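See below for the structure under consideration.
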Amino acid sequence: MNMNSTVSNASVSIKDLSLNFGSVSVLKDLNLDINDGEFLVLLGSSGCGKSTLLNCIAGLLDASEGQIFIKGKNVTWEEPKDRGIGMVFQSYALYPQMTVEKNLSFGLRVAKVPQAEIDKRVARAAEILQIQPLLKRKPAELSGGQRQRVAIGRALVRDVDVFLFDEPLSNLDAKLRSELRVEIKRLHQSLENTMIYVTHDQIEALTLADRIAIMKSGIIQQLDDPTTIYNRPRNLFVAGFIGSPSMNFLRGELIQSGDGIAFRANGVNFSLAGYDASETLQPGRKVVLGVRPEHIKVNENTGGEEHDATVDIEEPMGADNLLWLKHAGHTMSVRVNGARRFSVGAKVKLSFDMTVASVFDAESELRL
Amino acid sequence: MNMNSTVSNASVSIKDLSLNFGSVSVLKDLNLDINDGEFLVLLGSSGCGKSTLLNCIAGLLDASEGQIFIKGKNVTWEEPKDRGIGMVFQSYALYPQMTVEKNLSFGLRVAKVPQAEIDKRVARAAEILQIQPLLKRKPAELSGGQRQRVAIGRALVRDVDVFLFDEPLSNLDAKLRSELRVEIKRLHQSLENTMIYVTHDQIEALTLADRIAIMKSGIIQQLDDPTTIYNRPRNLFVAGFIGSPSMNFLRGELIQSGDGIAFRANGVNFSLAGYDASETLQPGRKVVLGVRPEHIKVNENTGGEEHDATVDIEEPMGADNLLWLKHAGHTMSVRVNGARRFSVGAKVKLSFDMTVASVFDAESELRL
Amino acid sequence: ANATDLEVTHWWTSGGEAAAVAELAKAFDATGNHWVDGAIAGSGGTARPIMISRITGGDPMGATQFNHGRQAEELVQAGLMRDLTDVATAEHWKDIIRPSSLLDSCTIDGKIYCAPVNIHSWQWLWLSNAAFKKAGVAVPKNWDEFVASAPALEKAGIIPLAVGGQPWQATGAFDVLMVAVAGKDVFNKVFKDKDATVAAGPEIAKVFKAADDARKMSKGSNVQDWNQATNLVITGKAGGQIMGDWAQGEFQVAKQVAGKDYTCLPGLGVNEIISTGGDAFYFPLLKDEEKSKAQAVLAKTLLDPKTQVAFNLKKGSLPVRADVDLAAANDCMKKGLDILAKGNVIQGTDQLLSADSQKQKEDLFSEFFANPSMTPEDAQKRFAKIIASAD
Amino acid sequence: MTGQAQAGRPNKLLRNLNAKIASIPMILTALVIFVGGTFWTVFYSFTNSKLLPRLSFVGIDQYERLWAAPRWVTAIENLALYGILSLIFSLVIGFLLAALMDQKIRFENTFRTIFLYPFALSFIVTGLVWQWILNPEFGVQSVVRSLGWTSFTFNPLYTPEIVIYGILIAALWQGTGLVMCLMLAGLRGIDEDIWKAARVDGIPMWKTYLLIVIPMMRPVFITTIVIIASGIVKVYDLVVAQTSGGPGISSEVPAKYVYDYMFQAQNLGQGFAASTMMLVTVAIIIVPWAYLEFGGGRKRG
Amino acid sequence: MANIETLNTTAAGIDAVAPRLGEGPRGQKPRRALSARNIMLYGTLGVAALYYLLPLYVMVVTSLKGMPEIRLGNIFSPPMEITFEPWVKAWAEACTGLNCDGLSRGFWNSVRITVPSVIISIAIASVNGYALANWRFKGSELFFSILIIGAFIPYQVMIYPIVIILREIGIYGTLTGLVIVHSIFGMPILTLLFRNYFVSLPEELFKAARVDGAGFWQIFLQIMLPMSLPIFVVAMILQVTGIWNDFLFGVVFTRPDTYPMTVQLNNIVNSVQGVKEYNVNMAATILTGLVPLIVYFVSGRLFVRGIAAGAVKG
């Protein structure tokens, strides 16, 4: 990521953007540069301002302050249609009385594109999205997934620079969602357009994104590639937000233990040997230790430090088996292979993989 | 599953139930016995008749044909309130104008239970569900999760034999869903009531159920415990329905290979040594081989048979990494550890774990 | 006697009418009973259905006004109305009521069912002296002179003939023209004998010609109610109006004096014949003994000489009995009394035709007067058809 | 087993007993008043009942007379003209106002109240006021003339050819507010995303309304049309208050014909025949609608 | 770690390029108050508002003038000399026949007619709508269809049969009779409104209440009613207006001492004594319309909401 890039290097560039609804400030001084051909996902819980930001980029909402550049051009005051963007909505927003073909071509016809050109573009979009057999149908005669494909097609025919998606899959069921996710990914790989994708589903975010911007209350908390976000969350919010089940958090403090530093909570010590930034940790600091469920081993004698725990609840999920364990006053979730089964109340031994754990300052909530 | 059980052994027993809406037959000759204290999940895609079945059990819909027994009593024509059931709905269905307390006690007040008794039961339910501080609020002032808890509480206070849940969590976001899932599981463990739970989310089904009934078009396809359903799906539909991403299916035929039997598709042979019922397999039969994404190993030199493949798409999902591979004309999904990353186009070697694979007859679609 | 409340419904709500009703009420109250006034505004067309619904609906009033004639025929036949023969015999109505046709209209199968209260005649032309003065022509003496003076009036910005928009006004004007232009015999042949050939004949064609003149002269009188039309004459905005003698009440209320401020020409100054329609009171059959008694008292009171005088002076109509002293009567009323005394009378169309035929006639003439493109010939054809099917 | 099941099956009539009891007023109204009353009316239209209903049958005489009556024909023509115009103008004006109101304007509440308040007034009042405003002597015409345009003529109520437009002006004044409300409710029900999609597609506002939004508001339009149409068929008070059917018979309407002949002319048979014809007209409007709305193939939700 | 550093340098980075970025449009797109769009928008609305307000203005202005001024001036000019005489006259003095107590008597009659009629017609229609929405039984839709078609039948057609029916029951001419008539003719449209509204409420709520053991009336009274404020407001407004403004039934089914205000208004307006007293007529007109007008002004907002909930769906 190169925040110093000049505007022309970025496909979409947002400078000091603020937006208020009346006295409510929804976006606050937001800066964001999106590279050409990048797949950027805006992730955040409901009401954090994702759609608002997307609508600003699309020109559907007027910014209160700040500027928006698309392909180096200041489009802050441009009409949506002149921004070179296409948008796909959660509720599909297909024109119900028009056939799929009409839906796709309506914008072009209004823009007085020659018929031959329209036909060509519709045919191409239909081919890419494999909706040729549906062209004569009306939206009501389509399944959810087909509708969503048509909605994408509507952006596709307009040959835009930037695709904006506002939770395009959240009205679909799990199975369809995972199928279309792959399709969108494939589409991005073949088109190489810039795509900005809003979702509150972290699986979508992790699987699709080149970079993820995690938002909370109108402020971007972290902007990074998925692996970094997952493994090195910048703060407690990001750490807790990403990952399902959530990262296990233990509140405690740092202590000196032998030659290294250790974490102590509820009277139990955890050696932090192997933590990637252990040198920056100072004893005495109040911190929160975060360990993901899959980074805890159960009864796997790794040779390292081991902790006793009791199985509280077992949630078999097919490929995986999720255990909720009681350990020194904490409840902890641990993910094990789906084939391994435990009985409730069983005593187990845990070992923690501290190389991929995170330590957060208890006050600033930033990762140390 | 014991279809021959006598009525009195089961908590809920459904005999030859059929239901038509006008000329549309939604449930067809359905039989189901639910044991006392069992957690039964009805799983199926949208419109398969899950809610209809649940409404029949609750007495909210009149069966066209057949009988329903609860606790050994024929309740086919009883009013809902006389069936000893409590029901929790997807949209919470809280009475918006009443406080939480009034919501909980409404049924009791209607039944003219003495006030002291009402107070006692409400207090108990509130304690179990930890909603004591909310008792004076109205539903509009509650979060989604809290609302759902109150909805459960409403069934709780009525001291019913059977709890019916109709997709109680599907209006909640992923995080809350996984939290409440655990709570419901805990509730079941402590109350030991019979629970019938409708969902189309397989994670819920797998984690919560003692047994799962998988429905399609009003017919129960398989009724078994989650492990059996996951590992030994009775037919192609069940196999494809359960598991995310879906099981990989390869169409081909059985051949004799050496001393054992093998599967051949697109000119590639897969040894079926280790398949749990390999003795029933006859060469020459057209079959479908199903292998789950987590039962394929990538570049893990297991010493067994290996197959070449190319990485097509990579979907990192945090804890796991999902690979879509091209292999002998098939597209296959494979789940690997989230820490292992591949580049698109990379050549990899696959090995299949046939001990947990399934072979289905191509015509009857039943597991062999 | 005990004071009994008797509800009396009527549609007399204009200034002169209300004053006249007050006289009736006063007289009735003086008998120790109480007149509960049930006025329904908006002419008989609005009021009659309500009265009939109440009678047939089983919630009858104590007494009700009808135009006297055939409007209540069926109510009587249905046995809903009270037989007044006893009162009539005791009071010798047969001897005092004049002309006798008035009582005939109240008689069905030999029994008397209504008490006539006044005689109204339609055949009057009311002229505004001021308007003619303004136009610089002499006040006409008859219809032809009036037609001749129309251009002068128009030039002075005056509407020659005021005709209100209510359908019965146009119809009435036509009937008046018929008596004036074609004479009494033709009138009787058409309306009494329902002779369609006469109705299609040349005499009636002349009447339609005259009606055509009237139509032309009435252009621009943009009013609905009859008394608004009268008001145009009173204020000099219109030259004249063909209207019944009830218009006189309005002149009186406006403090105008016959002969000085306005001129009246009975029979349009052509044929001095007047019709003897009028109002009558009918008494629904009541179960309450007391009220039945009060009804008899009211019937008696209505025909009491004093009441007759007081009422008719205010109403501008003629009393139904000849033996009353009308010294206070004005110019026009005296002219009417003279004609009545001479016996130059005809029956009113309300008495001769059913309400149904009347309505059809109204439809025809209101259209004719409003629609200049309808030729007199066409209108006459339709008129003849109505007469042919009239009952 | 099956036998046992049937044994417990309660009487079908007694199921939902409370609902059935509660619906008795509706059932009675529907059967006795509407069906019964209608049949009674149709039945007696074949008699020559005068002041009181009587069973003396005259076949279709009443109908022959009805259709031979110029006034009835005029009334039907007026109703057709008035109906079509009032339907079109109500929808157009109502929709335009609603569309304007939907532009996130300031003072929305004020404007809405202004447009809606006439609906609170009766047709009698409406008729009186507009009769007055349109009166040539002191209404609009005289005011404009007094401003200098002395040849200005606007006198619909006393000009037979255009009197129906004078009534229309008043009817629209009274009724468009409600239509606006219905349309506004419909507009507000349109998915916000549709608007956004159209803007991104670069479709001009008016085209969005015309080609996308209006077709989507079909149910609202149907409801509105039904409401307007039922009002049109019944129009009576307004005409009576404004023109009494005049000048002449040029603003007569069927409902007034029915009333006049039933009560003023004391010819019930004729009135019943006319009302039967009105019912037939209503049926012609209603049946296609009922078919569209409740009939086969209507999608749920 | 690198990421955090870059993030931390972000501010500085932006400062460096800020002057360049500052060029061009920034922030809110300027919206001129007098843009062509706004002129069109508010212009059209203003003209429309004028058309709608004109009659009210004329009524008010005229009612405040004396007769001489009316005869002279044009109807749109404001009163030179404001007089409340016409109002007093309309309210308390105007005559119909012999009764000279203006509208005042009719007002209380109207209240006595309207209040029970509104309450009863809404009570019946809401129960009907509820039964149709939630307790469908065989034939219920048929009765409903008949009812809806009934909404189109001109009232005049029905008067005669109803007079006969009421006479046979023996309540013709009573207040009960009139209330029944209003309930009957209010039923179609109100039932439609309520049915559509109850259909739009989540069905699960109804199911939950049934599982809780509540019966037909308990569900209606304790669950449905408290949730139905908007539609009750719509029904109330429609009925208050309709019944208050009714003339035909009021005149046919009452007697002079119970005449409602509209009949009284008609009497005053049509009792022309010499010249029409337009000022009194207008005052009487406003007075008669006042109750529904106030209802509208007070609850107009709920009206639109209720319409959205009840009329448009379904």
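Each chain carries a letter (A, B, C, D and E) given by its place in the written order, and its residues are counted from 1.
In the analysis below, a residue touches a chain if its C-beta (ideal position, glycine included) is under 8 Å from a C-beta of that chain, and two chains touch if they have at least 3 such contacts.
Chain by chain, the UniProt names read as follows: A, B = ABC transporter ATP-binding protein; D = Sugar ABC transporter permease; E = Carbohydrate ABC transporter permease.
Computed from a predicted structure; not experimentally measured.
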Contact distance in steps, from subunit A to subunit D: 1
Interface with more contacting C-beta pairs, comparing C-D to D-E: D-E
Computed distance of Cα centres, subunit D from subunit C, in Å: 38
Subunit D-subunit E separation of Cα centroids, rounded to whole Å: 16
Between subunit B and subunit D, centroid-to-centroid distance (C-alpha), Å: 54
Between subunit E and subunit A, distance of the C-alpha-averaged centres to the nearest whole Å: 50
Contacts with two or more other chains, residues of subunit E listed in rising order: 266, 269
Of all residues in subunit D, the ones touching two or more other chains: 259, 262
Residues on subunit B engaged by subunit A in the complex (per definition of touch): 45-46, 173-175, 178, 181-182, 185-186, 189, 200-203, 206-208, 226-227, 230, 242-246, 292-294, 313, 315-319, 322, 324, 335, 338-339, 341, 344, 356
Subunit D contact footprint on subunit A (complex, rising order): 55, 58-60, 79-82, 85-87, 89-97, 106-107, 110-111, 140, 154-155, 158
In the complex, subunit C residues that touch subunit D: 44-45, 48-49, 52, 56, 71, 73-75, 78, 165-167, 222, 224, 354-356, 358-360, 363, 366-371, 382
Subunit C to subunit E touching residues, read off their complex: 7, 9-10, 12-15, 18, 21-22, 25, 35-43, 46, 49-50, 53-54, 56-59, 61, 225, 227-228, 231, 234, 250, 253-254
Residues of subunit E defined as touching subunit B within the complex: 202, 204-205, 207-214, 218, 222-223, 226-227
